[in-house]
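A, B, C and D label the chains in the order they appear, each numbered from 1.
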Amino acid sequence: MSRIGVFVCHCGHNISQTVRVSELAHFAAGLPDVVVAKDYRFMCSTPGQDMIANDIREHRLDRVIVTACSPLMHEHTFRKVIEKAGLNQYLLTIVNIREQVSWVTDDIEEGTAKAKALLNGAVYRARLLAPLSSRVIDVNSDVMVVGGGIAGIQAALELANTGKKVYLVEKNSTIGGHMAQFDKTFPTLDCSACILTPKMDAVLQHPNITLLTYCEVSEVKGYVGNFDITVRQKARYVNHDKCNACLACTEKCPGKGISGWDEGLIKRKAIHIPFPQAVPQRPVIDRDSCTYFLKGKCRLCEKVCEQKAIDFEQHDSFLNFKVGAVIVATGYDLMDTRPLIQYGYGKYPGVYHALEVERLFNSAGPTSGKVTMRDGKEPQAIAILHCVGSRDKNNYEHCSRVCCMYSLKFAHLFREKTSADVYQLYIDIRAAGKGYEEFYNRIIEEDVKFIRGKGTRVAPSADEPQRLIVEAEDTITGKFVRLPVDMVVLSPAMVPRSDYKEIARLFNLSTDKNGFFMERHPKLAPLATMSEGIFIAGVCQSPKDIPDTVAQANGAAAEALTIVSRQKMELEATTAMVNPASCCGCQNCVRVCPYGAPFFNEQKGVSEINEALCKGCGLCASVCPSSAIIARHFTNEQVLAEMEGLMEF
Amino acid sequence: MTDFKQIENNLKKEAKKLLESAEVPVVLAYTRGYDEKHPMPFAAKSVADVEKIVFNEYCNFNMARYIMRFPDAAKIAIAAKAADSRALVVLIQEEKVRREDLVILGIPASGMKDPKTDQLIDSRTTGGLYNPVEYDILLGEEIRGQKTVSPYAVLADYEAMDKEARWAFWKGQLDKCIRCYACRKACPMCYCDPCFIDQNKPRWADKAPQSPGNMMYHLTRFHHLAGRCIDCGECSRACPVGIPLYLFHKKVAKECEEMFGQAAGMKLEDKPVLVDFRVEDSDQILK
Amino acid sequence: MSQAITPYLEMSQAIMEAGGEALKKCYQCGTCSGTCPWTPITHFNIRKLVRYGQLGFDGIEEFMWGCSTCKFCVDRCPRGVEIIDIVTAIRNVYSGGGMLPQSLRAFVGSLAARGNPWSGDQAKRNDWAGQKYPLYAPEMEYLFWTCCTVCYDPRNVRIAKTTAALLNETGISWGLPAAEVNCCGESVRKVGDLDLFARLKQKNLDYFQSRNVAKMITVSPHCLATFNKEYGEDYSVVHFTQLLDKKIKEGKIKPKKDFGGIVVTYHDPCYLGRHSGVYDAPRNVLKAIPGLKLMEMERSREQSMCCGGGGGGLWMEKLKGERLSDLRIEEALATGATVLATACPYCITMFEDSVRTLNVDDKITVRDVTELLLESMEINIDESVGDVCATD
Amino acid sequence: MSFEPKILGIACNWCTYTGADLAGTTRLHYPQNLRVVRVMCSSRINPSFIFRAFQLGADGVLVGGCHPGDCHYNTGNLYARRRLAVTKKILEFAGLEPERFRVEWISASEGNKFAQVVTEFTAQIKELGPQQKLKIDELLEKI
């Protein structure tokens, strides 16, 4: 038997104008289990609240029903009231007789009748309410940032500056990401290294940032506030503490490997640093091109190293980190354009893709900034092809957003550094950012030839075998054009990193059809994800330019702070729970939950629910065929009881 | 069309090979009941058992029902007719058993008979397939060229009835139900233990075999089988009071196929429809 | 007269209703016109044709007949527009009033009257066989569907004979279609006469159902693509080269005669390659012939250049210098090949013309893959057009 | 006194319930036959709730949820759409008037749509008359 207290509010006369409140209180008093029923002008006022608190103590009430405005307005207030009076805050039901009764009718008979029915339903429900306590978990205040490109660097610095400890994990041997490969950036033509290296250095010097380069995340356990992440530290074969970066070893090393940093344009030593301003400024040995690892003899680097920093016995090691939040900023790759045989990338040496051209322009690049092609000559005519693979149902339907702008930048650099004619083959010039249109106009004035038509074929020129012919239709004139050029630059689609599936699996992220990570809400929560405590920033979410990436990095840092700035975190109380006795192990709940809260316990053969991840939506409870799942505060019994009460009158 | 005797011999041959090589500890098939016309489900565990295996036109039992009886068997062989193979596909989709843990002995069969009436089972009351959709070894020649009629054709006159008549029909039928749960027992898809109707918290319906309780049990069970029922007709054959449950299950299966473009247990890579969604499902299905 | 024109949207509505809804999807990026083999050599421009269709501009009739439906543009279109359906729809709408070009009226008339485009007598459809081969009957496994071109066109009749002879070598049971059948209707459909196509198709379907045909072998890729795409799914249709490839692998067909290193290049017919996805079968057949050196042309497989015969092109008069088959012959010569092999009667006809008009018939001969295989198996049917490798 | 139907409403907290409140704050009037149960998401609705509602004598059941894509829990209403569609087909085949069970997507900002749907639905149910089929006359089953 329960002892229910019903408190009817007049809300001034908002309610009393179309509901006979005293009659309602009188009606309530007559209902079974109702021990006290009162009405008052303003239940939410202090005297009103005190009245409820006193009655709870005086009448030893174990359920409270407040018949007033919408629960969305004051449920929180009255929960605090009954909690202060010693009653569990969830033993409360609000009956909405203002927004959903008194304000929507002017017939007092109809209003009172409906109020009675709603109140009766609430009494049925109140009888079955159970006390709930929301679990409080402590929150680890450290953060892990995955990906050391400009997004990861920016987020790490922002968080570190607020005093939080940050672990920055980068797969490559240096941070900087693709931005460090560029020479200039649009639209200001700032030198990319000049604006990036200070931040890279700040990351290295920052006491709160632990830099983990040449590392990959291998396992993620735990949940928001309490992630337990294992990172694989790939063997560098160089002891970074001893090494003082004199780089003598890199001169002596005979090993030759393809330089991934220079997009394969040149070879680099087996022991190497990718580029002069690399952070950390420490070399690594690449096994696949080191003569010692291949043939078993050499070890020249070991001989010349005064610091004795070379250590061939090193092997991969696993490090473990506890963090409260994670920011995934794994960036992008350019689409491999080899399958698009019509452009002849990989077949004709004169065909380059965008990152290769960035390296050609870069003074630390393979040609030290001089625009010379693979055959050593300077091109006299260059064609830049837009939308290679982008905006194309057969490849990637999305627009990669930045290629128009960097293609314009290339055109400017080609015109500045060479005497070549430059053609741009485009469908639309998309220059919508701040200062972008002005940059576009400036390039037009540098006499770059714009041809409105997608490039459709690159083939060797019949009469000048060294040169290439680019075919397209200039749709403005309707003429089919053949452009004799020396160099063809492709602007390929920006796509997620090739291992995006692995990252998505590790952090329980879903991806769109192209592999970009899915945000919780495209407009209102672009940086949060369906996994609580995991945030995303930069191009891994969708193609964007550097300003937007930095803005997102700052946003993600702020969102991560909302979690790690607190020691404690209150979890939802109205989560779901599996009653193991009734669970038949069909795993429907595991299949439907968008948050991955239910999991299947192999030994017991039943499902269980990780309450930290559960949001309390109740989906699992309704798909469970043997109704074994209890959706706290909205259990099957409570809902059925309320329905019965509502239908009784 | 390979006749039943030949299929029986092939079944025995394969069962013997599997049990001899100990590739499987058990072969689910049929054996002789109390007479020729009433076979029984049978789990052959040794080469000696193989002699008892029988297959004839009365072997309607859906052996997929017994898969869960052998949880610790690493691998199970099972004789599977067309509908039974679809039941296996659904069980695999719902991860109750793994495809590699099954040796499916496919039986193309037509002309099955109902032991109770000794009449040919009207193919319109079943899924209308003759060849198993999934098998490792086929025990007979695939049946070709049978005039296949849509399994949902039999619904036409029930759908044509006006709703009062249909209500009277179904109320009359479901009132007959004595809640013996034979339909649940016979159904390979009803593996929940406990079933929702056995629960007390909440007590969805009264346990007594009266109309309200019967209605809640059957309507909810029709919903639980939506997109999962493989239309084998066993529930109706098992029902002691002869309620044509297959009709309602067929209607739900037809609606699911129209709304979600997927028939139950046809393709291994499908996901059961009610634990899946498509953003582009049209809102018309709610009208 | 003012230069301003208002869009005639009823016309684009009609085009869309005739099967060209994809008009809406095109954002005029120029990939199709940049890919189309006709754009560099004629005033035909597929993008402009679609644009005129989008807004219903008049003047569309001048260049709506230039397309040979080679599907290169469809495969490359970034918006996935079914451009061939648009071309067919435009032709259907505009040619409804009988505004067919002069050169097409004869072939459409013959189809309407005699069920084949060559004004051949319907009853004489199987005369080329000289009663040597049986008509199809239900217990046979394959219906050998002879395209009208190999039944009536003098040059291509030889291909009918070679394929029939080869069929007997494979040991499968097959039969010829009765004379009551008519053209599969591919070309007339692409020319836009959808009603005539429907009539032709129904007649064939009735014949198929009456004999409950299940499996078919076609000589012409045009029949292959039409049966697969337009005749419903209940027929399994293979091209002749696919069957040959299988039978060679099974050892049922063994080429013997060594061709002594003769250089051959293979032209992928658009309807066998891009429309039906068959690229390797014909090549395997050629490679099975001992001593035959196969050279690939620069534009081959998915990038193959059309011979110009599709979409009614076989019957259209093209100006000198505006013929794709001429360019293709030059490309074949560039590989150093002395034999241009292909697997479609339309291509054979177009290339035989070009070889003569460019008078290079001494430098290169045009052969169907089946003719080369038959020659290598040293089977000679009664009249021959000369062996390719008169070695001795 | 003319027949006053009893209509059960099940509304999702984030969208339809908030929409209903908005109808109140903008003082839109609609008939008072609707009695609303608040649940956290339309996907919380177990089909058996609907059968139970009709057994309890509801003359009409109105379910309100967020528009597909707006669900606070991302995919909840997408599952609900399928489950409630199957429920509707089962009730229809059993012989219940299909108009008695209705599902509407009503967002938090569509107060007027809520009022309009309730008004329209109440009139429709009034016309159909009392629901006697599934209704349990003597309430012998107490939950």
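The definition used in the following text is that a residue touches a chain if its C-beta (ideal position, glycine included) is under 8 Å from a C-beta of that chain, and two chains touch if they have at least 3 such contacts.
The shown structure was predicted, so the numbers you read here are calculated from the model rather than taken from an experiment.
S.K.: Starting at chain A, what is the smallest number of hops through touching chains needed to reach chain D?
M.R.: Tracing touching chains, the least step count from chain A to chain D comes to 1.
S.K.: Going by the average position of its CA atoms, which chain sits the greatest distance from chain A?
M.R.: C
S.K.: A-B or A-C: which has the larger count of contacting C-beta pairs?
M.R.: Of A-B and A-C, more C-beta pairs in contact link A-C.
S.K.: Could you grab the centroid distance between chain B and chain C? Build each centroid from C-alpha atoms only and quote it in angstrom.
M.R.: The separation of the two C-alpha centroids amounts to 50 Å.
S.K.: Need the CA-centroid distance for the pair chain A / chain B, whole Å please.
M.R.: Result: the chain centres lie 45 Å from each other.
S.K.: Roughly how far is chain C from chain D, centre to centre by C-alpha average, rounded to an integer in Å?
M.R.: That pair's centroid distance is 61 Å.
S.K.: Taking the mean of the C-alpha atoms as each chain's centre, how many Å separate chain A from chain C?
M.R.: One centre to the other, that is 52 Å.
S.K.: What parts of chain D, by residue number, touch at least two of the other chains?
M.R.: 47, 52, 75, 79, 83, 143
S.K.: Please output the residue numbers of chain A that touch at least 2 other chains, ranges allowed.
M.R.: 592, 623, 627, 636-637, 640
S.K.: If you look at chain C, which of its residues touch at least two other chains?
M.R.: none
S.K.: Of all possible chain pairs, which ones touch?
M.R.: A-B, A-C, A-D, B-D
S.K.: So in the complex, the part of chain C that touches chain A is made up of which residues?
M.R.: 27-31, 33-35, 39-40, 45, 47-48, 75-80, 298, 302-303
S.K.: Which part of chain B faces chain A closely enough to touch in the complex?
M.R.: Spelled out, the residues of chain B in touch with chain A are 94-96, 191-196, 199, 201-202, 204, 224, 271, 274-276.
S.K.: Where on chain A is chain B touching in the complex?
M.R.: Answer in residue numbers: 582, 584, 586-588, 591-592, 623, 625-627, 635-637, 640.
S.K.: State the interface residues of chain D toward chain A in the complex, per the touch definition above.
M.R.: 6, 8, 13, 17-18, 20-21, 23-25, 27-32, 35-41, 43-47, 49, 52-53, 56-58, 72-76, 79, 83, 115, 143
S.K.: Going by the contact rule at the top, pick out the chain A residues touching chain C in the complex.
M.R.: 341-342, 387, 391-395, 427, 452-457, 459, 471-475, 478, 480, 482
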